[in-house]
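Both complexes shown next keep subunit A, but they swap its partner, so subunit B is in the first and subunit C is in the second.
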Partner chain A sequence: MTSPAWQRRRTAATDLWREFRGNRGGLAGLCVLAAIVVLAVLAPLITDESGLDVISATGTPLQPPSGEYWLGTDVDGRSVLLLTFWGARVSLLVGFAATVLSVFIGTLVGIVAAHFQGWPSAVLLRVTDFFLVLPSLVLAIALSSVLTKGIWTIVLAIGVTSWPSTARLVRAQTLTIESRPYIERAKALGGGHAHLIGKHVLPAVLPLVLANTTLVVGSSIIAESTLSFLGLGDPTSVSWGSMLQTALSSGAVTAGAWWYLLPPGLAIVVIVLSFTLVGRALETVLNPRLKAGR
Partner chain B sequence: MTTSTTGGPPAADLDERRAGTSTARFVAGKAGGALASLVFVMVLGFLLFRMIPGDPVATMTRDRPTSPEQLAQLRERLGVDEPLWRQFLDYALGLLSGDLGTSYLYNRPVATMIGERLWPTVLLVGTATVLAVALGMWLGIRAAWKRDSAFDRVHTGVALTLWSVPQFWLGLLLLIATQGLFPSRGMRSPDLPEGFLAQTLDVAWHLTLPCVTLLAVIYAQYMLVMRSSLLEEMGSEYLTTARAKGLRDDLVRRRHAVPNALLPAVTLVFLQFGMVVSGTVTVEAVFSWPGLGLLTYDALRGPDLPLLQGVFVVLAGSVIVMNLLAELLYRVLDPRVRAA
Partner chain C sequence: MSPLLELRDLGVTYSTGGDEVEAVRDVNLALEPGETLGIAGESGSGKSTVALSVLRLLPKSAKVSGEILLDGEDVTTMRWGRLRAVRWSSASVVFQGAMHALNPVRRVGEQIAEPIRLHTDLPEAKVRARVTELLDQVDLPPAKARSYPHELSGGQKQRVMIAMAVACEPRLILADEPTTALDVIVQAQVLALLGELVAERGIGLVLITHDLSVLAATCRRIAVMYRGEVVEEGPGDEVMARPRHEHTRALAAAFPTVGDPASRFAPATTNPLPPEPDRAAPDAEAPGLLAARDLKVTFRDRHGEVVHAVAGVDLDVRRDEIVALVGQSGSGKTTLARALLGLQRPTAGSVFYDGRLVPTSSAGLKEYRRQAQLVLQDPTSALNPRHTVYEAVAEGPRIHGITGDERSLVLEALTAAELRPAETYLSRLPHELSGGQRQRVVIAGALALRPSVLVADEPVTSLDASVRGEILALLLRLRRELALAALVITHDLGLAWNIADRVAVMYRGELVEVGPVEQVLLEPRHEYTKSLLAALPTGMARAFERGV
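The block that comes next holds the complex of A and B.
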């Protein structure tokens, strides 16, 4: 692929990367994220999974941090460090999967609503606005309470409730792009809908979608922890939300077991903050209006 | 606008009347849209809690032993053996007459239970929103006016961090950090003190932690929007004019920049209402604040589908009404929208 269009895009990407590197917050977020993802993927290799089993737990319940258990133990005598480590896998998996679903629906709806005129786009816009104002968490709670409990239920519940903001963004961007002369030229040359969307609209919309995606991952991770905290998560796997749920329901919080509370919560904050920083940095790089003020 | 400059009083009169009908049309259009959304909420409530579960009775009793008689009774009461259109008709007519069905866990009318729990939530959400708006806007204005100053950096950083914090975790942290200083659950002390003032103070004492938790997460949004909204105005030429007139910096900000930047932030207050409502569910669950959020949390244990359905319809409905208010308010506040 060495067509001029691709060469131009590659140069643009290199320029963007150079600008992104200049944003210290965004770069720091990216490094933290990379480290967390690598650690989470390698978890089965560097830690012993059997420590997650309630029956074979070796420690005494609710032990404060010590040399043996760096972050103390939970109500079942399991290492909090190990639980937090493994919780990252579920949180990241749900966060990414829900985001893929959400961004896919949002991009599809946004492009279709902007590209096609007439009643289909009016209906889509109306539906988007409806879901945009609806409290998405309440909707996600409703969905996951009626479906069978499990990771994919959570993914579905978050994915199908969080797409409207992406749809609005993509629609606005598609409208600006479609008003440009080169789209008219492509139409005059006989380009069909598939050609226009695939060759012209999508490549121009994608960078903005990318910035938006990183922000969606952050909110998806918070949504996952909230749903697990409310007892709607997968009962068989450890996630940060379910750890916090046990901490409250078992009375560990009222007993003052701060070591049980801090690690999962801080993990959520660090990971969500990193995604937010990267997302904001990308937005600044990609949005000329924000850049002009600098 | 254009006719009034050319003609005398009759033309101005005509212009005013035209503005009147356009306002009426605008209000009617928005109200119609909101009404359509409310109908959509009604349908969604039915879809979610009746159709998606397939067999609602099986869903509700999945975690508890139930005798065949109880099951039959429950099926009878919910009417799940009737055809779907019949069920929907019953549900819709009941909803319109204020009947939200009967709770499965508590065996009481859902509408009555929601009525009891409504005011604590209104109190919590109202207090937290008012405080968050005041704090967020004040900080946002200060941060934007001195862009990239230490104040701006620190407060944007704090707001972004709080924005990344799950509300319930912050609540748990506050609980553990203030051990014993504030009540950990409920809205009133079991031994209620005498007198109105003492009772109000008691409620305020209980309100502190849930309110601070909710406030901490939502003020960040207001601050960041206020900040970026003011930043967009900062380059405007009318500010240079105001400065050139010799106005003090403080006056330029208060009289010229802030009023123009306020609009997006004001509408955001209403638009974010859905997010605040979502937040109350977890905050109320942590502090056992006896509002709609705790009711949702308790209903999840069943899951008590009629109760969840009722809360869902009420919460979603109120968000849509608030949104309608935001759109109407925006028109009152922004002359540009009024003219268009």
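The block that comes next holds the complex of A and C.
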């Protein structure tokens, strides 16, 4: 009997896509994101990785944009275009991985806190409040300076500190769903916790989580750039944050090397803006409360 | 002299997203001063649209044709300023659902004073005196003027709405379902109040409701609306006693007269009922299949005070019988039902099923739930909007891991719930079904587990009158054919008279009277049962007239 269910899901997805298409900002964001993701994935194929090596760098340091180096070179004589290109890979990887971690923790905590009344809920909510009031950047800095330096440390630091808002959102939505009479009916039919959550709560909460996820990716990328900029990132890999950091520490700013600062900075703005546009568009499409006001 | 209100060829069309929906068609009605006109009809019949059109309160998407003459003046062509003056000072509305029609953050005295201030130049002291006078008219103490809506009961709020409606001494009052959300006793009080106003002041009253018995008790003339048209109009007694139109008959039958032998064990249904099976009557002394012994449920309210929702109840539901649990809202009926099903842990006392104590562990409860099933009040929200009928019905068997052919099990349950042919319903979603069909799906979902007792919490309250009888007939048929016992929770004594074998009357958490339907409803012993019966709009008088 999966056929009518799948058919229904397909029509739902088509409807969703039609509504999403109507939102021009969201569509533009999606196009930009698709282009960036494709370029980042194809980076090893269309560029030469050896250009990232400081030793084999061919250009002279801090050369302004020219025909050979479209975006100039950095302090070590490497192409800024190539660095920005490869930086996208790290930024996207960290952004997505941290988001998956954060949304997973947030959804789990949110549903459990709403579904189980009594002490488990109280404990989880206090923990959520604790993380919510703690300045997450400071916590992430502390975490990544204690743990060994590397991409996964940054992922962990961001993921562990950014879940509380997701948890709050999911908890609110779960509480709304759980007050519906069909939950009472499912209980009377003999459904246990797993059944209630898996069959009724999760499918109703997931669309909101999806919209939220897209927004979290943007903030995770900013967090990654911030941590790298503060010198807490992986020193062996190039990311936009670390590019900005070397630019600042090597005196490129005072030397007036604008071509070294602008590309990574603009890249961060564009990618975060795109994620936010897509996230907001998804939110208006999926959240009935936002739709009603328009 | 021209009538107070006259509708000539009234038609209202709503345009929604390019579609034109004709909500009201060719309605011709007239009302003289001092008269009451009742408009009856199901949801969607256009009765509220008629009422709102009189004061031009319809949304912009509505197009009105025909004439609406208020004291000979056509409302549809009135200028804005004139319309404003007419609203409330010559005609006013008692809106549906007093709970939501009052501003929650303003004192009720202020809200009653609002139309007076808008329409007259009375000095402040006189406005206050007038508010006090109005509150007195609706039997509320003057001190209530300082209350906020949430501090008043449903009946009191409805009285405030009536005080607001008469504030500017209008000559016409339109009351749209003024008593729908109220209990029978409060309903009787509100109707009496409206009747007094008509008799004393010679105003015209248009009373709109889906409950024909309310109209029969209060209105001299009744008009029945069906799909936007007036299908029948005439003196109240005549329409009730000799309905000509099929739809009027369905509406009249849906609210049976308690004590009328014609409607005993005969809910309004188009399919004939099976005869009473030749089984031995349930042993009156034997303990029930489902039994509560000294059951107590207490809650703490917001102020930490203990509320005894269920205060020591002994109740038996035996095999092959339907027990009706009757009481006002807040009497603890639903809490008792939830405790019986193990959805609410009792504070004290115990529930027995088939002589054994119902366990409180989740594994034990799961086993118990195959035997005792629940049917909820509002089928629209009782079904997950994302699940198809098939999924909704198969949910129970899947939870319990019942082996065998799932599809045939579902088809069987749907057929038992009279959704025929069952195959056509399998892949439909709840929003594609009517209210009655949804309730049948809920019942089918319960039947799929082959339970031996069904607990139905107000199973027909949210359904239209014509569907009501069909669902009740289904419950009665299930008992006769499958010997399925049922506990039906209701505030409607007519329902008990229609299908139940025994009645339990609940008042403030306690059962004040339990016994066979005929005994309890025809010879009530407890004061509360008597007041419930006296408050029925049709009253016992009509039944006695026919010599019962």
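The rule is short, and it goes like this: the second predicted complex is superposed on the first by the 285 of 294 C-alpha atoms of A that agree within 3 Å, B and C clash if a C-alpha of one lies under 4 Å from a C-alpha of the other, contacts with A are read in each partner's own complex, and residues count from 1 in each chain.
Throughout what follows, a residue touches a chain if its C-beta (ideal position, glycine included) is under 8 Å from a C-beta of that chain, and two chains touch if they have at least 3 such contacts.
Source: prediction; values computed, not measured.
Peer 1: Which term applies to subunit B and subunit C once both are placed on subunit A by superposition, clash or fit?
Peer 2: fit
Peer 1: Can A:Arg24 be said to touch subunit B (first), subunit C (second), both, or neither?
Peer 2: In the superposed model, A:Arg24 contacts neither subunit B nor subunit C.
Peer 1: Quick one: classify A:Leu143 as touching subunit B (first), subunit C (second), both or neither.
Peer 2: A:Leu143 sits against subunit B, while subunit C stays out of touch.
Peer 1: Taking the superposition as given, does A:Lys199 touch the first partner, subunit B, the second, subunit C, both, or neither?
Peer 2: It touches subunit C, and subunit B stays clear.
Peer 1: In the overlay, answer first, second, both or neither for which of subunit B and subunit C A:Gly256 touches.
Peer 2: First partner only, subunit B.
Peer 1: Can A:Arg10 be said to touch subunit B (first), subunit C (second), both, or neither?
Peer 2: The answer is neither, since A:Arg10 touches no partner chain.
Peer 1: Please work out whether A:Pro135 is in contact with subunit B alone, subunit C alone, both, or neither, and reply first, second, both or neither.
Peer 2: first
Peer 1: Who does A:Gly231 touch here: subunit B (first), subunit C (second), both, or neither?
Peer 2: first
Peer 1: Figure out whether A:Ala186 sits in contact with subunit B (first) or subunit C (second), or with both, or with neither.
Peer 2: In the superposition, A:Ala186 touches subunit C alone.
Peer 1: Can you give the closest approach of subunit B to subunit C, taken over C-alpha atoms and in whole Å, for the superposition?
Peer 2: In the combined three-chain model, subunit B comes within 5 Å of subunit C at the C-alpha level.
Peer 1: Could you list, by residue number, the parts of subunit A that touch subunit B in their complex?
Peer 2: Against subunit B, subunit A makes touches at 126, 130, 133-139, 141-143, 145-147, 218, 222, 225-226, 229-232, 241, 244, 247-248, 253-254, 256, 258, 261-262, 264-265, 268-269, 272-273, 276-277, 280, 293.
Peer 1: In their shared complex, at which residues does subunit A touch subunit C?
Peer 2: Residues in contact with subunit C: 1, 4-5, 8, 180-182, 184-192, 195, 199-200, 203-204.
Peer 1: Spell out the part of subunit C that touches subunit A in their complex, as residue ranges.
Peer 2: For this pair, the touching residues of subunit C are 341, 343, 362, 365-366, 369-370, 373-374, 376-378, 381-384, 386, 388, 390-391, 394-396, 399-400, 407, 426-427, 429, 442, 445-446, 449.
Peer 1: Looking at the complex, which residues from subunit B come into contact with subunit A?
Peer 2: Residues in contact with subunit A: 33, 36-37, 40-41, 48-49, 52-53, 59, 147, 160-161, 163-169, 172-173, 175-176, 179, 184, 231, 234-235, 271, 274-275, 277-279, 281-282, 285-286, 296-297, 300-301, 303, 305, 308, 312, 315-316, 319-320, 323.
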